[in-house]
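Chain lettering (A, B, C, D, E, F, G and H) follows the sequence in which the chains are written, and residue indices restart at 1 in each chain.
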Amino acid sequence: MDRKRIRELLEAVRRGDTGTDEAVERLARLPFVEVPDARVDTHRALRAGLPEGVYGPGKTAEQIVDIVRALRAESQDVLATRVDAAVADAVCQRLGAGRYDARARTLWFGPEEVAIVGKGVIGVVSAGTADWPVAAEAVSVAERFGNKVEAIADAGVAGLHRLLAASETLRSARILIVVAGMEGALGSVVGGLVDKPVIGVPTSVGYGASFGGLSALLSMLTSCSSNVTVVNIDNGFGAAYVATLINRL
Amino acid sequence: MDRKRIRELLEAVRRGDTGTDEAVERLARLPFVEVPDARVDTHRALRAGLPEGVYGPGKTAEQIVDIVRALRAESQDVLATRVDAAVADAVCQRLGAGRYDARARTLWFGPEEVAIVGKGVIGVVSAGTADWPVAAEAVSVAERFGNKVEAIADAGVAGLHRLLAASETLRSARILIVVAGMEGALGSVVGGLVDKPVIGVPTSVGYGASFGGLSALLSMLTSCSSNVTVVNIDNGFGAAYVATLINRL
Amino acid sequence: MDRKRIRELLEAVRRGDTGTDEAVERLARLPFVEVPDARVDTHRALRAGLPEGVYGPGKTAEQIVDIVRALRAESQDVLATRVDAAVADAVCQRLGAGRYDARARTLWFGPEEVAIVGKGVIGVVSAGTADWPVAAEAVSVAERFGNKVEAIADAGVAGLHRLLAASETLRSARILIVVAGMEGALGSVVGGLVDKPVIGVPTSVGYGASFGGLSALLSMLTSCSSNVTVVNIDNGFGAAYVATLINRL
Amino acid sequence: MDRKRIRELLEAVRRGDTGTDEAVERLARLPFVEVPDARVDTHRALRAGLPEGVYGPGKTAEQIVDIVRALRAESQDVLATRVDAAVADAVCQRLGAGRYDARARTLWFGPEEVAIVGKGVIGVVSAGTADWPVAAEAVSVAERFGNKVEAIADAGVAGLHRLLAASETLRSARILIVVAGMEGALGSVVGGLVDKPVIGVPTSVGYGASFGGLSALLSMLTSCSSNVTVVNIDNGFGAAYVATLINRL
Amino acid sequence: MDRKRIRELLEAVRRGDTGTDEAVERLARLPFVEVPDARVDTHRALRAGLPEGVYGPGKTAEQIVDIVRALRAESQDVLATRVDAAVADAVCQRLGAGRYDARARTLWFGPEEVAIVGKGVIGVVSAGTADWPVAAEAVSVAERFGNKVEAIADAGVAGLHRLLAASETLRSARILIVVAGMEGALGSVVGGLVDKPVIGVPTSVGYGASFGGLSALLSMLTSCSSNVTVVNIDNGFGAAYVATLINRL
Amino acid sequence: MDRKRIRELLEAVRRGDTGTDEAVERLARLPFVEVPDARVDTHRALRAGLPEGVYGPGKTAEQIVDIVRALRAESQDVLATRVDAAVADAVCQRLGAGRYDARARTLWFGPEEVAIVGKGVIGVVSAGTADWPVAAEAVSVAERFGNKVEAIADAGVAGLHRLLAASETLRSARILIVVAGMEGALGSVVGGLVDKPVIGVPTSVGYGASFGGLSALLSMLTSCSSNVTVVNIDNGFGAAYVATLINRL
Amino acid sequence: MDRKRIRELLEAVRRGDTGTDEAVERLARLPFVEVPDARVDTHRALRAGLPEGVYGPGKTAEQIVDIVRALRAESQDVLATRVDAAVADAVCQRLGAGRYDARARTLWFGPEEVAIVGKGVIGVVSAGTADWPVAAEAVSVAERFGNKVEAIADAGVAGLHRLLAASETLRSARILIVVAGMEGALGSVVGGLVDKPVIGVPTSVGYGASFGGLSALLSMLTSCSSNVTVVNIDNGFGAAYVATLINRL
Amino acid sequence: MDRKRIRELLEAVRRGDTGTDEAVERLARLPFVEVPDARVDTHRALRAGLPEGVYGPGKTAEQIVDIVRALRAESQDVLATRVDAAVADAVCQRLGAGRYDARARTLWFGPEEVAIVGKGVIGVVSAGTADWPVAAEAVSVAERFGNKVEAIADAGVAGLHRLLAASETLRSARILIVVAGMEGALGSVVGGLVDKPVIGVPTSVGYGASFGGLSALLSMLTSCSSNVTVVNIDNGFGAAYVATLINRL
């Protein structure tokens, strides 16, 4: 998996510096950090030069503290997502560090100002007030991952003029993230207005026939705009993660 | 159910012109015409002054011939929908009458020119080429039911400019029918552009996650435009029927 | 989108009163009011002469207060829906205004007596006691939007005589809203009794195979009565909104 | 399972007429007839005094011939259901016997006139023309199983007067079978008109949101009429079978 | 709907005792009792000679008190179902009457000993401990509605011997109610053991792929035992209601 | 069902030691223990030499105490699953016995050290931290049922190297249990790495399109690895139970 | 993945017999055979000592011929499944070899008599005639994979005595495969009768609410018998594959 | 929408070269080409410098000929997708041009060699033989849209070594398209191996619980690899379209 490491190891075997058994053993080993309740993969983030993401739900303050400590000890920046205010508070107190974004529910351990490494602007468009927490997560993650972000809130298709008012922003972005619940039509509409990759984030906002986000999800998947790809319902993190990868290309 | 008829009957009972038993019997009877395989309701159409609608699928040419004959004998105009070309041909030959609209798959028995009784224009907007048969059914039904119709085809949200190019038409219509498959976003977009009642017709056009029209259906039901109501998937007839009722108000 | 405004602007450009850049800018701008957490569209309501609707769930008392203030400052009437009693109380105290309908859970900011501008009566029929809150929302919205409303409660199809007892009311209404959960059969039954547009509101009332309103929703969508269109589950507001638009035609 | 037989066997063991091993063997054996592709259970029908039912789909003419021969050799009457005309023809030719009902698609091997053993009338009400084949199956099965049947066709709820016209028949029946596709509202409506057990048969008639009968199925299951029970979609046989059992009580 | 009443009315019209207008009015009126939040149908129960059923969920103690009072004033027995202990307590205190069955969650207003009018025994079989509340509701309703009931609890198919141990009871019952969650196989198994009508009550007991009772529901609907009909998930009341109707035939 | 017992009984009948009636009675009787709210099947566990499993949800501490007492009186070991800490505490206090595993939420009544009777090692692989409670249940059950268990936690497919690092363990196991939520891909990946039976346990871990475990469930059912079978969502107990049976073969 | 091969390679590197680059290359290479349209994995089957399975649907006779030739050239036995008679015929003619089982639709290339290597008997129980093709596939695969198989056909739960008649066979089997469509209750019933691993194969047999096998699938997944695991709908091959692996333990 | 054009127009108005009315008219007009059955949008492709895509299903040869002619007249390259061989043949004959790729079912009108404008390689990985048509569509589209493509076929997760054998290719690609049916696990696995954007294309390959691609769709949407976005089932075109946009960044 890591040809350079394998090559070095094989050279060491050839030179006799490393025994066969040890080499077999090392070939099977890959870098991760053990913490009490999880094995934290420091590999991917290191490789990609990204902060490590920690998914908050179901984790206690103690577990987050352990994970963050292990990662910070390796000089890794860490971004925890979907962290409740109370948990964030407890974690920050225990660690004496951390910046909490109450709206996005993200908790950041790293430099206050993140260096911009993304080549262009990531535009984040959200449909309604209720979709904003998911959009805010996308904004927060994209910024902490080193991107310049421009956000357009409350731009639902029922009031198309709001969206058109922001068309300059739409066009100047290199990648767009569209966050919408209910019928999720915003994905198709934005997709039709730009010639950039659009990442659709259906949200669970809505009631009745929105069936917990199913309506927006199916809508975005069957979009008549060919430049739209989709991530899981409410997955602002995932959208920002992919947009970051694209923005570094 | 028909207070006038009940009143006349009661008067006849009072006068002794009608016996109690007979009155009981007649109170339970309501006007319909028996044909071999169906009891045709001539009541509703007569009441509403509308042609009778006959749903084609699952009916043989013979059955349609029987029904049409029964209704024509009562001087009713008849509009059969979803009739295959071959069946239409057989029916027209047998009856020596009938106008077939191959695109809408409707078969009409009535005056060549239908008097316009609807007060305004019904606008029919369809998203893609593949949605057109359903839109064509809506157009054909609305016209045969006495409405002036204006149709805007191929106006999907991925090419919003097409729709905006037709905005004058959208605004001049009294009621709008929006026909769209895939993600069905056109319902919300048109709904946001006008202040008129919009009847959404989700279509089964699409593949994969459109799940036979479910995607467009849920999308229209959860529309963020409050002026959108929805009929069954591919139900161009129903949309035109309701639009006709509204257009006579 | 607003040809008159565009024309005026173009005339100003022609006269040299307005520079090209400014014109480009203004062409992209459309009227809305910014409040801290939402951009409130005052455009649509102004255009349509309707009060502005504010959807309550997920909004704090503070957010509602802000939105209402912004709209009232523009002399707009406001109707907030699905507002809990506690939130309504807090909003009314802060604003020193507002009329709360506990049953419909609507909160009204406008004249005590609303002028009737709808041409006829909107009939609201509901199936069971448990469906009443949704029906009450429809009644409250329709009244505040300037319609005369007649309501028929507890008229489920299992006791058809109750419905028939109200048939005079059914027939005198210009448009009907039918609110029903469980099997939602009331939509078809009322649809079969009248020759008016019927707007079906499936409700989430029921248990087991009603699957949160799915049963009533599918039932109304596949109604054998062609005059029935459908809005989202529990969407009393939407039904009243469309009925209002129709009633003004 | 058959205490009388067990008792006789035990008596035979006590008397020494039957060895232990043989008894063990016989205790495990129960009456059925082996045919090449199926073991035909002659037990249930014999016990219940009913003809044997053979489900046609997926069976070749040869397989049906084998099964019918095996059963007729035991003097059993046989009713095959959902048999295509071509298969029925082939079976009748091979056996030199059999009465085919093309509409109900049933094939009968037994006396031309079946003795009536059911205590009352089974009423079969169907909603639309397209539901009739399922209703016809119910009628045919109920008659061949020894019941007097009265059928009311084409009595959908959109034309309630047709149903009310038949209310005398509805009330005189001892059990009612209601066959309806689309929104299946007929189950609730008939259920509300009578105080008898109603067996609902949802059908796959419909399109779009009827989802192959799901709409009618959920509708009947969530009926607000408490006297409605439901069988599988299109299962006219099952409804008639249960109605027969009830009619013999 | 009530031919005798119609006949009397018509006779009165004939005699001139009743004016036409008044007769029209009375023809449209049917007996029910108005209480503040519901119109209580005293008609059906009176006709069928059954206690009135009141569905508890969503009703306050006050609403139940009002309904019960209205019905008791008409000398009707009343059985409220799915009533929480606290509500039941409040209702009983207010009315100074009522018998609460905590397990079945039914609240009874009527004679302590109900006269048995059902002709045979209704057997109620339930699969697991967790299904018992639904089964208990069925038992309680069936007993209050005048039936002799025998219950077999905890007889799941995974321990078939328990069920077989009760086979004498199964066979002696006139009608069987089978209550089962999870895979709901008990419906088919009991259906295969008896030649009586079996009413299946799928329950929401289970987790994961039982999807709130869907698994048991589909299982019972597709039962290979033809004598099984099905009611809604957890609907012990409905099963007992139908069983009562059958047991009076 | 138990030929040896039947044979002995028959011999006793033959010898005249047992009367026919008594024999009939005993043939219908099978061993179980009655406790107030459940009939506990001591038969299966005795037959299979396994502890008795008690499913905790919906049972009060009192009910669990009763069941455990009844079983312990028969010298049965008992393993209760999905027991909340508070309930476990109450049960242990009442019984003065019991070992609670807070992570697996199992409560054990039996020897501290269970004799290993399984022939090989059962490997339990889980995907993420959040899946661990289900995996822990599988581990606890497998150990209490007499197996040697090796667990590999946090080995999701997104970090394939973690899984490969454990490949020696994977290969040395005789049977594998794979516990994974979200997309459940771990089932296919582990299935492709080993030539042993793999039991997949989809979990309800995830959000949005995981639809309560449906995503992982469908994924495991359609696995392209032919050695994967599946149990219900979150059913760690069932997976361990089957693995135990296989491990004793 | 194959430690022995890696070790040999490393030794060769150490000895200098193999250069580093070549070793890197070879470490990434694993044994498979390239044919025009597929890369055939000969690795797994070789490792496990099993014939190679080829899934027929979607493959032309030519493609199957190519794959079989490639595998036979490596002395592999091949079992193709779900092969239509016409395709099988064409393949056999082209290859001058192959044994086709028309019922199971399997096509075998290997010795006429397969050596039995499984330790015990695999029992295959199927519910109805229509389930037999899936059961036959399971039987054919299990036999060709070196197992002794006993099959019990037509043993549905509606006729429980048939199943009990075969209980000796059920108990003597080491592993059981249960094949059932419709409500799939046979899985739970057989699971309750034996103390062996039971592999449930839900089938798509049924109509209406069986929804293409969903009913049987959910039923088996929620089985109250803890010894049941499940494979995909109609997946007789997979069940036999896993049973084979278990039977070799 | 096109600020440059608007600006020019405004300048022309200012200069008096264009009248206000004409300007209003032109502001509403946007470039498209009318053909008999569709309005072809030449705008987007021109803007983006991409060939025009034509979706084949539901279009006759004549319709495709018309569309292609209209576009070729504007010097546009055209790529028709999902075109049956017979239709392709007819189109090519009529137009005397066109290159058909039978596997991908694409029909190309443009230069034989397309200039490479994408900056890197697009990798297309497909799971099984049956997924190849969808992958081939992605490959064909990506190549015709000016990208260098490398394809890895038959690399399912059940044989992970095949995928690992191609890891060099995986890592050298700039964007990856992963095409997989059944459980769709390949998306997560490839996503975990690379740090590039991965576009998942679930396919409808599979049977039973794959429910027409739903299994793979949900699996990819809930992927534990954060770099995966998803397009509609079988949508090879859409994946290639988005990959093209990304590859030009």
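Annotations for the structure displayed:
Just so it is clear, a contact is a pair of C-beta atoms (placed from the backbone, for glycine too) under 8 Å apart; a residue touches a chain by one contact, two chains touch by 3 or more.
Nothing here was measured: the structure is a model prediction, and the numbers come from that model.
Listed by label, the chains touching subunit A and subunit E alike are B, C, F, G. Note on interfaces A-C and A-H: more C-beta pairs are in contact across A-H. Taking shared numbers over all numbers used, the subunit C to subunit E interface scores under half, which places it in the different class.
Mean C-alpha positions place subunit F and subunit H at a centre distance of 49 Å. Distance between subunit D and subunit H, defined via averaged C-alpha coordinates, is recorded as 53 Å. One inter-chain figure worth recording: subunit D and subunit F are separated by 41 Å, centre to centre, where each centre is the mean of the chain's CA atoms. Multi-chain contact residues of subunit F, defined as those touching 2 or more other chains: 1, 3, 44, 159-160, 164, 167-168, 193, 208-211, 217, 221-222, 226, 232-233.
Pairwise, the chains that touch each other are A-B, A-C, A-F, A-G, A-H, B-C, B-D, B-E, B-H, C-D, C-E, C-H, D-E, D-F, D-G, E-F, E-G, F-G, F-H, G-H.
Contact residues of subunit H toward subunit A in the complex are 1, 3, 44, 47-48, 53, 119-120, 164, 167-168, 174-175, 193, 195-197, 199, 217, 221-222, 226-233, 237-239, 241-242, 245-246, 249. Those residues of subunit E that touch subunit C in the complex are listed here as 1, 28-30, 32, 37-39, 41, 43-44, 57-59, 63, 202, 204, 212-213, 217, 232-235. Considering their complex, residues 3, 6-7, 10-11, 13-14, 16, 20, 23-24, 27 of subunit G touch subunit A.
Of all the residues in subunit G, the ones that touch subunit D in their complex are 129-130, 132, 153-154, 159-162, 164-165, 167-168, 205, 207-211. The part of subunit A that touches subunit B in the complex is made up of residues 127-128, 156-160, 182-185, 187-189, 191-193, 206, 208-211, 214-226.
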